[in-house]
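When the chains are written out, they are named A, B, C and D in that same order, and each has its own residue count from 1.
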Amino acid sequence: MNQRTASSGNASSRQQQPAEPAVYFGRPAPGWRERLFTIIFEADTVPGRVFDFSLIAAILLSVTVVMLDSIEGIHLRYGRLLNGLEWVFTIVFTLEYIGRLSCVRHPMRYATSFFGIIDLLSIVPAYAALAMPELHALIDFRLLRLLRMFRLLKLTSYIEEYSMLGNALIASRRKIFIFLSVVAILVILNGTLMYVIEGGPGTAFSSIPTAVYFAITAVTTVGFGDITPKTDLGRALTSLSMLIGWSILAVPTGIITSEMTLQKVQPKPTTRTCPECLASGLDADAIYCKSCGTRLPEYEHD
Amino acid sequence: MNQRTASSGNASSRQQQPAEPAVYFGRPAPGWRERLFTIIFEADTVPGRVFDFSLIAAILLSVTVVMLDSIEGIHLRYGRLLNGLEWVFTIVFTLEYIGRLSCVRHPMRYATSFFGIIDLLSIVPAYAALAMPELHALIDFRLLRLLRMFRLLKLTSYIEEYSMLGNALIASRRKIFIFLSVVAILVILNGTLMYVIEGGPGTAFSSIPTAVYFAITAVTTVGFGDITPKTDLGRALTSLSMLIGWSILAVPTGIITSEMTLQKVQPKPTTRTCPECLASGLDADAIYCKSCGTRLPEYEHD
Amino acid sequence: MNQRTASSGNASSRQQQPAEPAVYFGRPAPGWRERLFTIIFEADTVPGRVFDFSLIAAILLSVTVVMLDSIEGIHLRYGRLLNGLEWVFTIVFTLEYIGRLSCVRHPMRYATSFFGIIDLLSIVPAYAALAMPELHALIDFRLLRLLRMFRLLKLTSYIEEYSMLGNALIASRRKIFIFLSVVAILVILNGTLMYVIEGGPGTAFSSIPTAVYFAITAVTTVGFGDITPKTDLGRALTSLSMLIGWSILAVPTGIITSEMTLQKVQPKPTTRTCPECLASGLDADAIYCKSCGTRLPEYEHD
Amino acid sequence: MNQRTASSGNASSRQQQPAEPAVYFGRPAPGWRERLFTIIFEADTVPGRVFDFSLIAAILLSVTVVMLDSIEGIHLRYGRLLNGLEWVFTIVFTLEYIGRLSCVRHPMRYATSFFGIIDLLSIVPAYAALAMPELHALIDFRLLRLLRMFRLLKLTSYIEEYSMLGNALIASRRKIFIFLSVVAILVILNGTLMYVIEGGPGTAFSSIPTAVYFAITAVTTVGFGDITPKTDLGRALTSLSMLIGWSILAVPTGIITSEMTLQKVQPKPTTRTCPECLASGLDADAIYCKSCGTRLPEYEHD
């Protein structure tokens, strides 16, 4: 238990992760609530693990049921059975949500946390579908709960990989923002030009937003082909935007790749500190402090 | 004010950026023209910031109005309102353009600068559309004015990111030129072969330019599917060009990525060496040698 | 022969490779079985090389025959001839399989090894097609036998390249698993939303699985265009998922590239230091210190 | 003249380039042939430059004429004029080819060189089209002659960039070969499976080669959409192959990028050699030979 708390506290101080800092919700006083808390929020005990893996299975099954039910042939045959199963899962998840609320000391903290909202969102569509049946398929948003399950699979190492990916993205967020702004401007101008060249009511390029959709289709090299240029000028412009899109795909790749390479190449900063002058970040191989010349004590690498 | 001038002068000496070296246009003598100059061209005063953000809002709104007006359903209902709004924006931008011209000491320098031309281009289509209505949608080119707005968002750091991207592109411009030339030759030859194999009047491959458009579609992996090969030989050749296009996409990525990685890795090696033990690569901020503890002589940074 | 055994033993200790550690199957006692073993499983003798290259040729020809036979025009004309050829190849491969089984000391070890199963799979479909003709085309799975043939082409160097690619993938398997999980969740949610927006029985988005297939089409930038959004909201969502897919393509590239770059850059730093002047990072093959000329003590490589 | 010879000799010793080692064809004895040789094969004199740039212009114009002539509307109107122009260019190129042959000492060496064959190929289709009109469009292969023109544009630096790209490709040719083999096997097996699932005569998947063409379309993320799966199983398999293709696109990118990064990072090998023991490849900053301890003479960096 101590170990769990420590490691998750550690993790959350390093990065804003979706990992659940369960202590934040408040550990209840001993009694049935504490036993429930241990099962639901902790993964180190046997019942906790059983609970977590049952939950993963229930989520995956529940999403499968919704997907199967949307296929007409299957719906006609097994519709009642699948509908029944959906309600079973919905009731199970509802009970689990109530359980989570009831066993933490600060229910509001949980209810307004990232996963608290996702847990709520995963049961609301089932009830909302009673009034508006077209929302029924949104039950699939239960899938988002799986994000929490990453912590089950060799917790710490995954979180490190995860935060390395995250760090690379965060470290290059400005470059990515600039890149996306330029792409947005490019795509709107391109769409406008295509609308001027090919468009007008009645053609496939029926409005500027439609033309922008086409331009995105061309720049991202998707090319559905539901809307295509017919004039020579339109084709020339489209050729240009395909080539541009294909080339600038190299830019985000370059941004992420160089960031990830550097995060690994650059030596992890040491926390070695000179006992005399308190200069920190000394090289692991230094013998004398580079600031005051004092001979340093031995340094144990980890 | 001094600070602003200094930083922008600094930036322009480093790189040819679209950032506006406002001093270049000439600061007018004190009076209403200087007050206008401060508001329009500078971003450090409160009115300057208000002006800049209003301008961004006006540009985005104005483009949204043009896009909405192009959707037939909306045009029929709200056409008059949207048309009125467009004229409001056009008049505002026209007044702003006149304001910019009148408050700088060298109006011609401004008028012929990169952003001077864009400012003009963003109002011309609205007037031109009176004579040629099909040019109306080009009002969207106002969007290009947003490029100037990058400077509002944490000026210096953005410019650095921006110029790093730019430097990577400039440093590899020869490789990119060679790459694009080879792609151009490849695509024209490929198109010609497809025209010989599949083409002739009456088929989808109606001319060599059309076949080249198809080849670009295949090489860039866009694949609209409006023109597709029907013969076995044509499909074999297309398969080949798809595979080639897919593979050589690695080339520009490699060019940009290695350039960006190097720009970050390389510029910081010191040649500082301990005069006693000849240990080299010492940190620029070291006072004592980390190998033998000798006090180091002063180190001049470049 | 010794050399062969040594090198393949070496290779298999480094990595789990599909290279065949022929010794593992047991070398038979001298006699016809040993001669057959040498020809079939070893590549250093002249008959062994002849056998291996004949096998490659037979596999390629056999697959070509099956492919040609599937083209209707050719089937009508040359069906009998091609069918005969197929049976020739099948009988040859069957005899070879029996030969392999009979010449090793531990036939079960061979039969249950990776290539033992592939060898069996490459003859089963031909016989199974007698009962179920639609399985006939699966004869093409013979192609998998070519994987074994990599060892013929300058054995060791290929295996090194191969294991470097493999190492890069293995070293980043966690990041790749996380990436694919996130893509899977994204694609299912995206498909569900598209089904809610565009779908329902009768439309192209006839079920959630179909909508997920469309979402994969959009995110991977394939864009067949057999299913496309018709509503403005659907197009907006599709535009978003195209841009996301196009952008996150940078992530696996970054993972693999940085891993491959590091595998080449990193493994060679020495910690060798001159005992006199303490200069570090000396070359592993140096005899005298390059800074002060002192004779260095012996250096043990790891 | 000496300079030209030297630089091209230098270049060709470094790499097998398509640059023309004109000296190889043999410089003729002084007279009109030598004057012609200087103009045609050398780029340092004024007439040589004029000749080279006229040639580029002629090639581009000639290809444009062929492309325009293939557009039906233009052919009907200006067919005669364009046809005349084509013959003018063909005659000019024929004369040039004869000139090249006549002014070198070893005409056969030129005729069988890379560019000698391209020069011939660029005039043959025009004459062949007299007999077989459908070959007419192949006149566009003149475009390949532009490859020679890279040498006009700041010769040496371009050749360096070019050979760096080439080196990266050559250094990773084994990895690329393995990658392409695996893709080929994957695509044929995928196509076979799709044929078994969706195919049979009468459907879009009419034969295995067609199904392989579809599989290439999916794996390379081109996705024309002329052939698409209709069954659920086919769509599931196609989804898988789209995801695989999209992911393994990272592999060639990783190969090329890491190779290019390393070529720049790894210090250029020095040719510094110890005057005592002849050990070579010494570090540029070494003071004593690392093999025999002799003090080294000063090293001049380039």
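Definition applied: contacts are C-beta pairs under 8 Å (C-beta built on N, C-alpha and C of every residue); 3 or more make two chains touch, one makes a residue touch a chain.
This is a predicted model, so every value here is computed, not measured.
J.: Could you check which of A-D, B-C or A-B has the same interface as C-D, with more than half of the contact pairs identical by residue number?
T.: Matching more than half of the contact pairs of C-D: A-B.
J.: Which chain has its C-alpha centroid at the greatest distance from the C-alpha centroid of chain B?
T.: It is C.
J.: Which is it for copies chain B and chain C: same residues on both faces, with over half shared, or different residues?
T.: Answer same: the two copies use largely identical residue numbers here.
J.: Please tell me the distance, in whole Å, between the geometric centres of chain A and chain D computed from their C-alpha atoms.
T.: Once rounded, the distance between the two centres reads 43 Å.
J.: Measure off the straight-line distance from the CA centroid of chain B to the CA centroid of chain C, and report it in whole Å.
T.: Chain centroid spacing, chain B to chain C, equals 41 Å.
J.: Averaging only over C-alpha atoms, locate the centres of chain B and chain D and give their separation in whole Å.
T.: Result: the chain centres lie 30 Å from each other.
J.: For chain A, which residues are shared contacts with two or more other chains?
T.: In chain A, residues 209, 212, 221-225, 249, 253, 255, 257, 261, 265, 285, 287 touch at least two other chains, as defined above.
J.: Name, in rising order, each residue of chain A that touches chain D in their complex.
T.: 221-225, 253, 257, 261
J.: Of all residues in chain C, which touch chain D in the complex?
T.: Checking each residue of chain C against chain D gives 63, 66-67, 70-72, 134-135, 137-138, 140-141, 143-144, 146-147, 150, 157-158, 161-162, 164-165, 168, 176, 180, 183, 209-210, 212-213, 216-217, 220-226, 249, 252-253, 255-257, 259-261, 264-265, 282-283, 285-293, 295.
J.: Could you please specify the touching residues of chain C with respect to chain A in the complex?
T.: 174-175, 178-179, 181, 185, 188-189, 192, 195-196, 199, 201, 206-209, 212, 218, 221-225, 228, 232, 235-236, 238-239, 242-243, 245-247, 249-251, 253-255, 257-258, 261-262, 265, 278, 280
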